[in-house]
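I'd like to ask some things about the structure below.
Labels for the chains are A, B, C, D, E, F, G and H, by order of writing; each one numbers its residues from 1.
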Amino acid sequence: MERCRMVFSGSGGQGVITAAIILAEAAVLYENLTAVQTQAYGAAARGGATRSDVILADSPINFPKVIQPNVLVCLTQESYNKFFDIIRPGGLLITDTRFVKTQLKVDAVQKELPMYETVMEKVGKPIVFNICMLGAVVGLTELVTPESIMKVLEQRIPSGFIEMNRQALDLGLELGKKVK
Amino acid sequence: MTKQIKFIQGNEACVEGALYAGLDFFAGYPITPSTEIAEHLSKLLPQKGGKFIQMEDEIASMCAIIGASLTGHKVLTATSGPGFSLKQESLGYAVMAEIPCVIVNVQRGGPSTGVPTHVSQGDVMQARWGTHGDHSIVALTASNHQDVFAMTVEAFNIAETFRTPVILLFDEVVGHMRERLEIPEPGEIPLVKRLRTAVKGGVDYHPYLPREDGRLPMSDFGDVHRYNVTGLVHDMWGFPSDNPKIVHGLLRHLVDKIENNASQMARYKTFYLEDADTVLVSFGSAARSALHIVESLRPRGEKIGLLELQTIWPFPADIVSQYCNNAKYTVVVEMNMGQVCQMVKTTVRHPERVFLANRIDGVFITPTDIKNILRLIKGKGV
Amino acid sequence: MAKAKLKEHRIDRDWCKGCGICVAFCPKKVLELDDQDKAVAVRIEDCIACRLCELRCPDLAIEVDTEEKVEEKA
Amino acid sequence: MAVKDYIRERFFPHLWCPGCGHGIVLNGLIRAVEKLGMSRNEMVMVSGIGCSSRISGYMDFHTLHTIHGRALAFATGVKLSKPELNVIVPMGDGDALSIGGNHFIHAARRNIDITAIVMNNRIYGMTGGQYSPLTGPGMMATTAPYSNIDQEFDVVEMARAAGATFVARTTAYHVQQMADIIRAAILHEGFSVVEVMSQCPTYFGRKNKQGSAVDMMKRMKETTTPIGSAAKAKNPELIERGIFVQVDKPEYCSEYNKIIERAMGGR
Amino acid sequence: MAVKDYIRERFFPHLWCPGCGHGIVLNGLIRAVEKLGMSRNEMVMVSGIGCSSRISGYMDFHTLHTIHGRALAFATGVKLSKPELNVIVPMGDGDALSIGGNHFIHAARRNIDITAIVMNNRIYGMTGGQYSPLTGPGMMATTAPYSNIDQEFDVVEMARAAGATFVARTTAYHVQQMADIIRAAILHEGFSVVEVMSQCPTYFGRKNKQGSAVDMMKRMKETTTPIGSAAKAKNPELIERGIFVQVDKPEYCSEYNKIIERAMGGR
Amino acid sequence: MTKQIKFIQGNEACVEGALYAGLDFFAGYPITPSTEIAEHLSKLLPQKGGKFIQMEDEIASMCAIIGASLTGHKVLTATSGPGFSLKQESLGYAVMAEIPCVIVNVQRGGPSTGVPTHVSQGDVMQARWGTHGDHSIVALTASNHQDVFAMTVEAFNIAETFRTPVILLFDEVVGHMRERLEIPEPGEIPLVKRLRTAVKGGVDYHPYLPREDGRLPMSDFGDVHRYNVTGLVHDMWGFPSDNPKIVHGLLRHLVDKIENNASQMARYKTFYLEDADTVLVSFGSAARSALHIVESLRPRGEKIGLLELQTIWPFPADIVSQYCNNAKYTVVVEMNMGQVCQMVKTTVRHPERVFLANRIDGVFITPTDIKNILRLIKGKGV
Amino acid sequence: MAKAKLKEHRIDRDWCKGCGICVAFCPKKVLELDDQDKAVAVRIEDCIACRLCELRCPDLAIEVDTEEKVEEKA
Amino acid sequence: MERCRMVFSGSGGQGVITAAIILAEAAVLYENLTAVQTQAYGAAARGGATRSDVILADSPINFPKVIQPNVLVCLTQESYNKFFDIIRPGGLLITDTRFVKTQLKVDAVQKELPMYETVMEKVGKPIVFNICMLGAVVGLTELVTPESIMKVLEQRIPSGFIEMNRQALDLGLELGKKVK
């Protein structure tokens, strides 16, 4: 597989870091891939734009940070403004329609998806917004299988919440596949 | 049986290594970026009957693990820069009283509060010289989680073998990064148990008399041998003495037991060094960028390799000389102002061929940074 | 001190973090959070200028401007 | 002066989480200082490290942001070397009573004219929710995953026993009382301690299922009562608010001035 | 066992000055332990640095002579890691309440089953007579040449406020009471504090013209009284002796064992 | 007028120097062998309106003097090994926040409690590296009371000039020995006053913006400029920043202001070096024995001389090279395991010609010790 | 406990530092310091075996041996 | 003048250190000589034999310790036993008859003086024993003048005690001169 470098960004409460970890963990535990996940700490992490980097590969990963992501996800305007220009030429830029207005042209495939709206409409819980986003990423990139993601989720969350997460993941997958 | 695989932070890998090594007592005080070590142990230690305690500060934490070591337990504390500074007095006590214990310092940007959430490797010299008086110390490090695990186990083994505090000098990137860890089977990595005296109750036991092999068997507090432990210079029973012969003998013993065994304690990795004329020397997370650039320059025909140090103290001078003495360029890659570089310079045959590729701005050093510095060093401009 | 007469609520939308404290503890239920989670005075006529919202705001985002205050300034 | 004259506006919105009680302490403190009408140039704020300690960066005083737990020791140097300054030391519960416990009791013992404000959120906020010496048994924290077994200090009792001559407790909910008490504390000549119960919805609240900042403040209202109230008699679980100690005793800097007089006379 | 079985005879005569109260504490402590009939192998004595701290070198227990002020932190590690041991921590007043004040209040707060004996001679003996936090205002010391202005702690009040569940005071003069109290303190399950007023004729006595060790002990007799005595009512200046606090509260190591049970059950 | 002559201990000479330099605030905690400094100042400071405070420990003492420095006062603390270890965190704060202050460490035998009443020079490397993170430090020493006085004054001058903590690294022999001190007239040794900003109230003042000459004018707390002081990396106003440019700039500034001025700060004495082929390098009380042996060997025709270092940090590499590069034998005389010797080796052209004449047993090194070692070094046996 | 009957005072002259505490507080004035400042029992017959001298000696230099004690040992 | 190295030894309360300091101070302040005084600290200083070293000279003194004293004073048996053999061949060894039995032969001039007895008899205060000793040393060696010693004493002690000290000094001087 091609090495895939990703940056997930958004604001504190949106769960972008968790999403990044789940993706990477799925790749490592269930797809026999190599993955490294890092994130910004400190003041940078608190106010403003949260960011988590994930690299997936089938060989050892030494340098763990992402400088130019193949995939960039921005879930807030602030994170979009801050990070849009780091996208690797020809990369994939995913934004949420509710939170981000993409005024700026970049050399990348831009996908503006109504992830938040869809989640709120169909699930009604903002808490699974990040899982929907993950679904969209997986739908668009097919880096790991949805089953692997679900296996990670089953380890991580109380069984009562699994269904809700599966629903959000599926919604994301659909959104992603649709625009592929 | 398939091995247990985890996708975790480096700090957790350290926790896993410590538990594998037989840790049963942890005392600490939270501080970024080491806190996760305490947090995970607060959960995992009692699950195996071990004890976790959050003390009132870092000084008390260091003192508590010394106390717990004396009752026969494997002990750990974890901290970062400011806390490590606070521990210096009690760390010196552990050196003097020859207490097996492991201290993790997940380095962050200093001096002082510095940039607490950013990466740095600026505590290398402090680890060696932070406490007062002549002494020696062991400090290990690692660049990835499998090695974090292994070096943590190693730290406990060295602590027990040499009756000494051992410092694990990790950094923010390794501590916080998540990657794969495969937990070795029990027995896969050999463990050194506490060496307890064979001397029976009622027979004179000398807690501070080295055996022929240099090791000093211990006796747990609560056991049949009642002896004294002190930070004063002491005789072979542990009682204070200022007899010059005893002072001399003890100080030499404390330093020699470490320095004379430097080769035995040297842990390192080599990458592409067979024919390298440019040798990168690095450690901790910086070594990841170093290896990255080595692997990307090799296909372009550059004879470049990497010596990754895992033992920092006692400084593995033999290893460094062996690999660097004949290099055209030795480039030390580290995130500080050249603390290891200085040591390499004093070690190799041609100090003038030793260069520093570093960053001190809290940003993780990139392969590109190193590449650019290599060009400059070789007179090729930017 | 003369009883203060309300002039306006000055709410700094950049500073307000939408914690809802002013809303919850306003004795007259004058305030609400809007759809962007910023405080707004919706029943301004009920306000008794008690300033509790101003005093309790953790973000110094709300100021209750009263007539007296204006005079004081003059 | 207007409220905003006391702050460094360029750092706002501040870095505290939404609903963090520390912001309300900032608010109450400003009201107290405003009423006192002291010049900002005679005010020194000394803080340690913690979410709470960030407060010094926001106030337009002489500000000294030090190291974790040691603020009162730095403040002692400031005050004794220049007693005409008003020295205020806001502290987190960990800062004041865990790592900083010794400096706390010794500043109290000396009765040096410093105003200590303990912004007690019962947790280490800045490092992400570990238990503090004020968390109390039975509570959850990231380092107390099976619930906490550490007994808690009573800040008021500790301050009193150590020798503080002004000791009070209030909450972020009771912000008017807070402002009044802080004002009285600053005016008091001697070491004054004001414990302010402050909510950390992000860690203490979340870990202990205490709901939103608003819920936590409602709880402050319900679980506290003025000192010596009838309610307390009925329900001894209630936490008392108000001024517990306010006595006159020799203040350290004044006493030292007498030493100087004696020493100079002796020449 | 005979008295001499508890000591390391080869270090006698000990290094304390003639008439030093610390020797009487040693004496009283031995009597207490003797009566308890505990095996020396289950006794651990942990001390810091100071004249007082030398006591650990003289007792034939497991002895841990540590660094100045930190004995209780070391002791906490010993006790929590092996709760079946009896841990006794003799401390100087400076050791316990100056540099070691924080560990003192935190050990008390945790109510960990350790017996702390504060050998209070109101001075730094070992370093030659500087004032300590127990010296008290008006006294002379090498660093208080114009007389001391530092207020003193009340050890009993500090221990009580911090959460100690056994708190007592006695003197070197009242050695029988001392032995009884130390015995009760060792038996108490929880953190116990015994303040023993101990004379330092060499520094405190000489600097403050208090005469010989004998004179200083006479003063102990005259200036103290049993708790709640009629004498105290008449003369409130008198210092009370006896057991001030003796309550049952969850002990730290026992509580931790419950955590272990919960954690192991939870697997 | 005849000068004031005193017959006093070295610790008192330090007190006299500090008072001469304008000391007005001392905070400390007693510890052997530095205690006399506190004791004398408790008497003398209030006589001139200054303040003395005995704090609860060494940490608090260091913090208190930083606070007092910020109100515009000249400040001092004094300690020995264990206390010096405890001060490391707050010492790092003083480095970071650029606080002028002077810290005396009257060294004693370490590590840990060691041999508290015996002589040692074992804290040389700790003085340089004791606190966490990259940083630099100034450390001075002296071998006799006149120099103790002068170096103490110098310490205050350097602290003010460079806005930095300065360490006075004395030792037990110098501290406790009594000898003659002649107090210079006022004005005889120039004093550096606190450089205060000329910026008026209301005009933007930058507490952390160096002037062209590298100095940073200060403003007293209580004065018209309200600014922020922090141990975090900060911008020119003193406000926290983790901007990599600012991090880099500040760390370089903190180190460069010391290291680039090493020559300006180098204080040393030379004895009989003009034609010496054997150069003794020494400092502190050890230099007394070194000078003794030099003076007793000279009449016997030996070409031996002494370089006495008074500035230890920043290490006076230029001076050491100048005097030792051409020597047949460079012999470092010190009472530790070779801490300065190691520095000399990394400095001179022929490290293999550098030898160590030391004692580590708590006994003061004698001229005879040195003489014997010289014979051995030169292959002449005992 | 049976009342103890005195057998002898064992005073370790190497350990005794002559502080005089035993002398001053003996209720029966049994003890004195000799010319080398060591405690000696001079009015041994007055001794009531109260052991206060033994208990208060800071140097563990004095032991009051009684009949019972001897029996105990047997 | 010849460099004179001296060791004064005795037990804690005898004031040998004070005597050493007074002698050295007199030499420096009033005789324009060079002097260095050192002493043992710590446990060594507390129990057992106290020791103070003094060197007097008319040129700079570098090495401050005394290895072989020209003059050795021992005021207790313990200190005598410990130090007698460090005396420089041909040196002067002064002991007090009340406290020291000199059983041992050394290559030195031995002076056994009844200093304590004399002081107790004539002054009655053991506290000035050390000053009498100093008088004896000065009487024997003439290193400094008695006047210089008195000047130091006048600076150091309350005027009420001066007379007593002068008396002790004179007694010592006499004892010293007598056996010279």
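Going forward, a contact is a pair of C-beta atoms (placed from the backbone, for glycine too) under 8 Å apart; a residue touches a chain by one contact, two chains touch by 3 or more.
What you see is a predicted model; the values in this text were computed from it and never measured.
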item	value
Count of contact steps on the shortest path from chain D to chain E	1
Between D-F and F-H, the pair joined by more C-beta contacts	D-F
Chain B and chain G, separation of their C-alpha mean positions in angstrom	58
Chain C-chain D separation of Cα centroids, rounded to whole Å	26
CA centroid of chain A to CA centroid of chain D, Å	42
Distance from the mean Cα position of chain E to that of chain C, given in whole angstrom	57
Junction residues of chain C - those touching two or more other chains	none
Residues within chain E bordering two or more other chains	13, 17, 67, 98-99, 101-102, 106, 133, 146, 150, 256, 259, 262-263, 266
Multi-partner residues of chain A (at least 2 other chains)	42-44
Chain F - residues contacting chain B, complex	59, 81-82, 84-86, 88-89, 92-93, 95-97, 107, 109-118, 120, 122-123, 125-126, 128-135, 230-233, 242, 244-245, 247-248, 251-252, 254-255, 336-337, 339, 342, 345-346, 360-363
Chain D-touching residues of chain F, taken from the complex the two chains share	24-25, 27, 43, 46-49, 51, 53, 55-57, 59-61, 63-73, 75, 89-90, 93, 220-224, 226-232, 239-240
List of chain E residues in touch with chain F within their complex	49, 67-69, 98-99, 101, 124, 127-128, 130-131, 133, 142-146, 150
Chain B - residues contacting chain D, complex	29-32, 35, 38-39, 42-43, 46, 52, 54, 56-58, 82, 112-113
Sites on chain D touched by chain F in the complex	11, 40-42, 44, 46, 56-57, 60-67, 70, 73-82, 84-85, 102-103, 106, 256, 259-260, 262-264, 266-267
